Amino acid sequence: MSQAAQTLGETQDRDGAEMLRISDLHAFYGESHILHGVDIDVRRGELVTLLGRNGAGRSTTLKAIMNMVGRRTGSIVINGNETLAMKPHRIPRLGVGYCPEERGIFASLDVEENLLLPPTVRSGGMDLDEIYTMFPNLYERRRSQGTRLSGGEQQMLAMARILRTGARLLLLDEITEGLAPVIVQALGEVLIKLKERGMTIVLVEQNFRFAAPLADRHFVMEHGRIIEEISAAELPARREHLNTLLGV
Amino acid sequence: MTMIFGVPLAVFMGQLMLGLINGAFYALLSLGLAVIFGLLKIINFAHGAQYMLGAFAAMLALEYLGINYWAALLLVPLVVGTFGAVLERLILRRIAHLDHLYGLLLTYGLALIFEGTLINIFGVSGSSYPTPEALQGGLNLGFMFLPTYRAWVLVAALVVCGGTWFIIERTRLGAYLRAGTENPALMQAFGVNVPQLITLTYGFGVALAAFAGVLAAPLYPVSPTMGSSLLIVVFAVVVIGGMGSILGAILTGLAMGLIEGLTKVYYPEAANTVIFLVMILVLLLRPSGLFGKEA
Amino acid sequence: MTQEFILETRGLTKEFRGFTAVDDVNLRVREGHIHALIGPNGAGKTTVFNLLTKFLPPTRGEILYRGKPITNMRANEIARLGLVRSFQISAVFAHMTAMENVRVALQRRLGTSFHFWKSEKSLEHLNERAIELLDEVGLKEYADVLTVEMPYGRKRALEVATTLALDPTVMLLDEPTQGMGAEDVDRIVELIRRVAKGRTVLMVEHNLSVVSRLCDRITVLARGSVLAEGDYQSVSRDPRVREAYMGSDADTQEEASA
Amino acid sequence: MATTHSLTPAMQRQRSARMRRNMLYLVLLGLALLAPLAIYPVFLMKVLCFALFACAFNLLLGFAGLLSFGHAAFLATGGYFTGIMLSSYPGLTPEAGILIGTLAAVVLGTFFGVLSIRRQGIYFAMVTLALAQMVYFFFIQAPFTGGEDGLHGVPRGELFGLISLSDNLPMYYFVLTIFVIGFAIIQRTVHSPFGQVLKAIRENEPRAVSLGYNVDAYKLVAFVISAGLAGLAGSTKTVVFQLASLTDAHWHMSGEVILMTLLGGVGTLFGPVVGAGLVVSLQTQLAQSPIGNWVSVILGAIFVICVLSFRSGIVGEIQKMVRKNFK
Amino acid sequence: QMSDDAVRIGYLADMSGTYRDLAGPGGLEALKMAVEDIGGEVNGVPIEVFSADDRNSADVGANTVRGWVDQENVDLVAGMVASSVSIAVSKVLEEAGSLAIISGSAASSITNEHCTPNHLHWVYDTYPLANGTAKAVVDQGGDTWFMLTADYAFGHALEADVSEVVEANGGEIVGGVRHPFPTSDFSSYILQAQGSGADIVGLANAGSDTVNAIKTASQFGLTQTGQQLAGLLIFLNDVHAMGLEATQGLLLTTGWYWDMDEASREWSERYFERVGRMPTMVQAGVYSSTMHYLNAVEAAGTDESQAVRAQMAETPVEDFFARNGRIREDGRMVHDMYLAEVKSPEESTGEWDLYEIKSTIPAEEAYRPLAESQCKLVQN
């Protein structure tokens, strides 16, 4: 904790442009120790990816930021606020939007209710029309029960849902998983738009091809640690190395 | 005069009316169960006991604090509901993450405690709560003499049921409830204070039971055991309706009241069992219940 | 002569509260083929699977297995016929070891599964076979690990192993590689190729490289009805398919995952 | 290679565990045989009857994941049928009477099962509760049950027409035998091919279906076995106490058996026995103590405590400790 | 000579359930009063009191008593309300040999088909309740009856008794309904009763059923519309619980009433001191029976059950509780019974001023004549 307090102290005098700063983060599911000291820092307006093989701990990292895992130690500073001690429902109010790996669509709500569900945490989110133009399927099925959507449709809904809340920091977990290429393309464009709006995005991706052109920096995870940080600039040079890391 | 299956129309109508009134109680109670079940996913076995607590609270309030019926009708649900909220905060919450069967067992334990304690303090023969002046006497409906109070019970219950339905199915708070029932963790990740939501919901469900209790106080002897046997019937009602929908709970409640009422005329011996028989029938024909969503 | 088609649907239709998820689909799966079912999200692929395996009752239409109608069978009877499915979201027995997972599948053939008076020792002779199967999907070292503790990718592999244990004539795989790391994908692809010998496979798949590498025949679904059918080349050239599904950068997609 | 496969470490562990368990059982059986010298046999018999009842219930809850809130119905059915048979046909030997009672419970169990098995979790609990309540009302009104008064003076008779059971000792050893048989049946059922499938179903039903298992049938069989053994317990109880009464049919009884199982340890083979022992002794002690009228409150409190902080029950906790220290 | 170093009395009753207020802890207190009044010992050996809650369960009761006799060698079991418990206990004692005095139960079968040499039935049973009330009511001119019967053995028996008496005295049963047991909402049945147009609505049920029926009747203005209720099995604590508003004018038969004469008042005051409620006839009966037993032990100089029983049977029962009381060979203690009417709120002068005694039913008429007895101890 003392160490956490200290990092908090640091953040003030560092440049305010820092949006997210994770240092020495450990996370546990009950007995099992999943994250072993993760360090990540993300500047405002940046898009970074978390790459890694299955089970590397990427989803867990995002969950840990949202305080959705069992136990956490270390420090997570969002916008200058140490959040390790915060209740889960306070963290989003710092302007964080989270799109879970398993989508989490609500069966008892229809599509539109799903969209309107997350309370807006900041002004400047998209409105319903924008969202519907971006995802026409959702408009067609807006009155049908959330989980009656297909896997892909659900993924879109989960994504669209947090665009409304006006969050400034988006944590996106495998948003292209199970989506058809056309949709994937569309999502890519969406992300670019969001960057233009000055949002900060942490992207967990399996589909490196999709992530590469968008990201400013890539963090590579292995066994619950960051083993590599690669900036967009160095990417071409280190592509081979990266492939070996990801086992592609 | 006109006869229906050998029963004078007047009597027949009268019985229907009485059935409807009992149905109103079933509706109120199964509604409360449904609301609690919604968010906490547990069957509140203490519901009968909390209904009983409502009646007792009203009686004690009158005896020791001189609080009259009308005030009790508002205060008691508030107090008992708050008590429920506290229970949730202190006890139920600790098992929220477990299989919901544990919730059933825990509340069963609570029910035993409440009942047993009151039995030791007040005995079981129960005492009576006077009918409020305003509602004494009766209305002559032509086909029957209906005590004013029972008429009032019907109205009050229906109004409360309707209100509850509206809140849950038609308001944003309702949407939170429904979403919270499914994936609380994610709701929190959206910035909704789910634990608070849960506490309030349970409190509300308990308040409904207590309200029913106050309504019942002038009708039946106020005794510690008044809730438990009633509850099992309400369970059957819930199974028949299926936990699927709020509206389902209400309608089924009323319908079962009617059916029971008619049984009391045509085959009284089966009055206690008819609802269970209906349940069996429904289970055979439509296992998920008349309004049930889940398969 | 329907015999060459091991699995066939006629006018198969599924409606959910007025919304038609599967619309008059005539699917014909040739014996011994690896047949892919692709299509945009919401095309109805999973629903078709649910209909074929009777997890959902069809609104209209017929399902034939080796020319015989199986439309009115129960889900477990379908499985006993040899049509075994996997699920889009992994389905395993979480609190049993990997080996027990497979063994539960193996034990059905013994016909002793209702014998509550027999000792479970009578199952131990299945262990060898179980571990062979685990080995095939590269899970040997997980044999004694409780399934909850395995990473996602491994669970998917285990699911395939369990399916194999039934030695099915037709395997229906719903997105077997979904959410897997590249080398897992390759392993599964190899696995499917291997086990497909002497079997028929019908699979839903988004990963086009997988489809192109594996499948003899492809049916493209869109909005619940068949858009095109043929081998990979012909289908991928079909302009409607490109437009409706693959999008312009289909080829880059291939490389990416290749 | 193959041979080492067929005996994985996990299974070696299982084997040795099985060894230890059997040893334990032998010791306990020895104690049970000597017990009546030290303890009042009638009390012991009561414990055994309820222990069997709880074990039967636990087979369903602990190993099929189904919480029945209506098991009192089977206890009572067994009891009443045995009672009626033995008192109206003096020629009938006790074991025959018990057999008939058990069969009656099996029949009722099949009926309950067919109705309730298709519902899961809490619904299953409510359905069974409601059905049992109906049976209760039936027993009140039925002419042959003696209504509220119950059946009295059921003769204990001669076992196989040879050994008189009127003395408590022979009666005790008869009851002990029945218990051991019942317990053996359960123990075997759990560790059988059937038990494996049951577990799989509990873990992931759709998957079990897709593997070709008719899950409802399996659940039903489990339910019927459980009901039958509950009936066996009830029948034996009737012979021991020579009476059958509504108490056994009342839903509080369904609650008590849950408590016994919970307290002893759900899903542990021996837990219910311990639980039954504790609850029964508790009731006997309390009933005669000054706080006798607080019985139900105390039972309720135990319930709450168990659920809150003692979920794996006494035996469960012990097993945990053992595992911690020997691994 | 005494069997061992003490006379042991076990008090078995429903301490927490439906009948708690009828006997329950109050009865135990009454029993202790008796023991104290006799000086805590007889024939130089101390008197020990045990007590247990039978939770209205036959097998709990039977077990407790079996344990008492086998392990504590208890000499007398007193109390007992639920007839299932009483019968079960008497069967146990018939084997084990000790004595029981049943004060709380209503079933007349206890000293009829279920009679044993090992138990006595003290306070009342259904026979006088049915006869007394029915006869009196018909005599008062209520000769058309509608029967509200609990639909199980007990209710049927009561209904039969009443119908017999009513018709014997020139009355007529014009209708009836058998309601399930237990029932909480009687409105429907009351409505049917009103429809029947009978003068008298007879309640052939007990406990909470009776209470509910009476309460509902008053809500539906049954008495206003000229009908009258006849409660067959209703006790002081029920009336007290329901309040006079609902119960006024109700006719009932009782074995004793605390305010019926000086002796009774005097004892009841003492009881009230200790318990805070006025005694029911059952609680008074527990005192009376225990006292009679202890005196018999003293007189007989032994606690051997049959000797004591014989001694008790020889001595007539005359105390604040019983008038013209004697114990018949079937074990029935017959004594004068009383027809009471519940006072109206106006007439009542205090919380416990509930009954007005209308008339006395002589002991010999009150109970089922031995001529009709099926008891194995009675030679017919």
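General observations
By letter and in written order, the chains are A, B, C, D and E; residue numbering begins at 1 in each of them.
We take it that a residue touches a chain if its C-beta (ideal position, glycine included) is under 8 Å from a C-beta of that chain, and two chains touch if they have at least 3 such contacts.
Being a predicted model, the structure only gives us computed values, none of them experimental.
Common neighbours of chain B and chain C, by the contact definition above: A, D.
Fewest steps needed to get from chain A to chain E, stepping only to touching chains, is 2. Contacts with chain B and chain D are shared by E.
Ranking all chains by how far their C-alpha centres lie from the centre of chain D, first place goes to A. Looking at A-B and C-D, the interface holding more C-beta pairs in contact is that of C-D. Distances between chain centres, each the mean of the C-alpha atoms, put E farthest from chain C. The distance from the centre of chain C to the centre of chain D, with each centre set as the mean of the Cα atoms, comes to 43 Å. The centroid of the Cα atoms in chain A and the matching centroid in chain C are 31 Å apart. Rounded to a whole number, the gap between the C-alpha centres of chain D and chain E is 38 angstrom.
Centroid to centroid, with C-alpha atoms defining each point, chain B and chain E lie 37 Å apart. In chain D, the residues that reach two or more other chains under the touch definition are 137, 141, 293-296. Residue positions of chain E touching 2 or more other chains: 16, 20, 24, 151, 180. Counting partner chains per residue, chain C shows two or more touched chains at no residue at all.
Pairwise, the chains that make contact are A-B, A-C, B-D, B-E, C-D, D-E. Within the complex formed with chain D, the residues of chain E that make contact are 15-16, 20, 24-25, 50-60, 62-64, 66-67, 70-71, 82-84, 87-88, 91, 107, 109, 114, 151-154, 180-181. The touching residues of chain A, counted against chain C in their complex, run 32, 53-55, 101, 137, 141, 144, 148-153, 155-156, 174, 177-185, 206-209, 246-248. Across the complex, chain A meets chain B through its residues 66, 68, 87-93, 98, 100, 104, 106-109, 113, 116-119, 121, 165. The touching residues of chain C, when paired with chain A in their complex, are 16-17, 19, 39-44, 46, 88, 149, 151-153, 175, 178-184, 206, 208, 245-250, 252-253, 255-257.
Residues 37, 42-43, 91, 94-95, 98-102, 104-106, 108-113, 115-117, 119-120, 232, 235-236, 238-239, 243, 269, 272-273, 276-277, 279-280, 283-284, 287-288 of chain B are the ones touching chain D in the complex.
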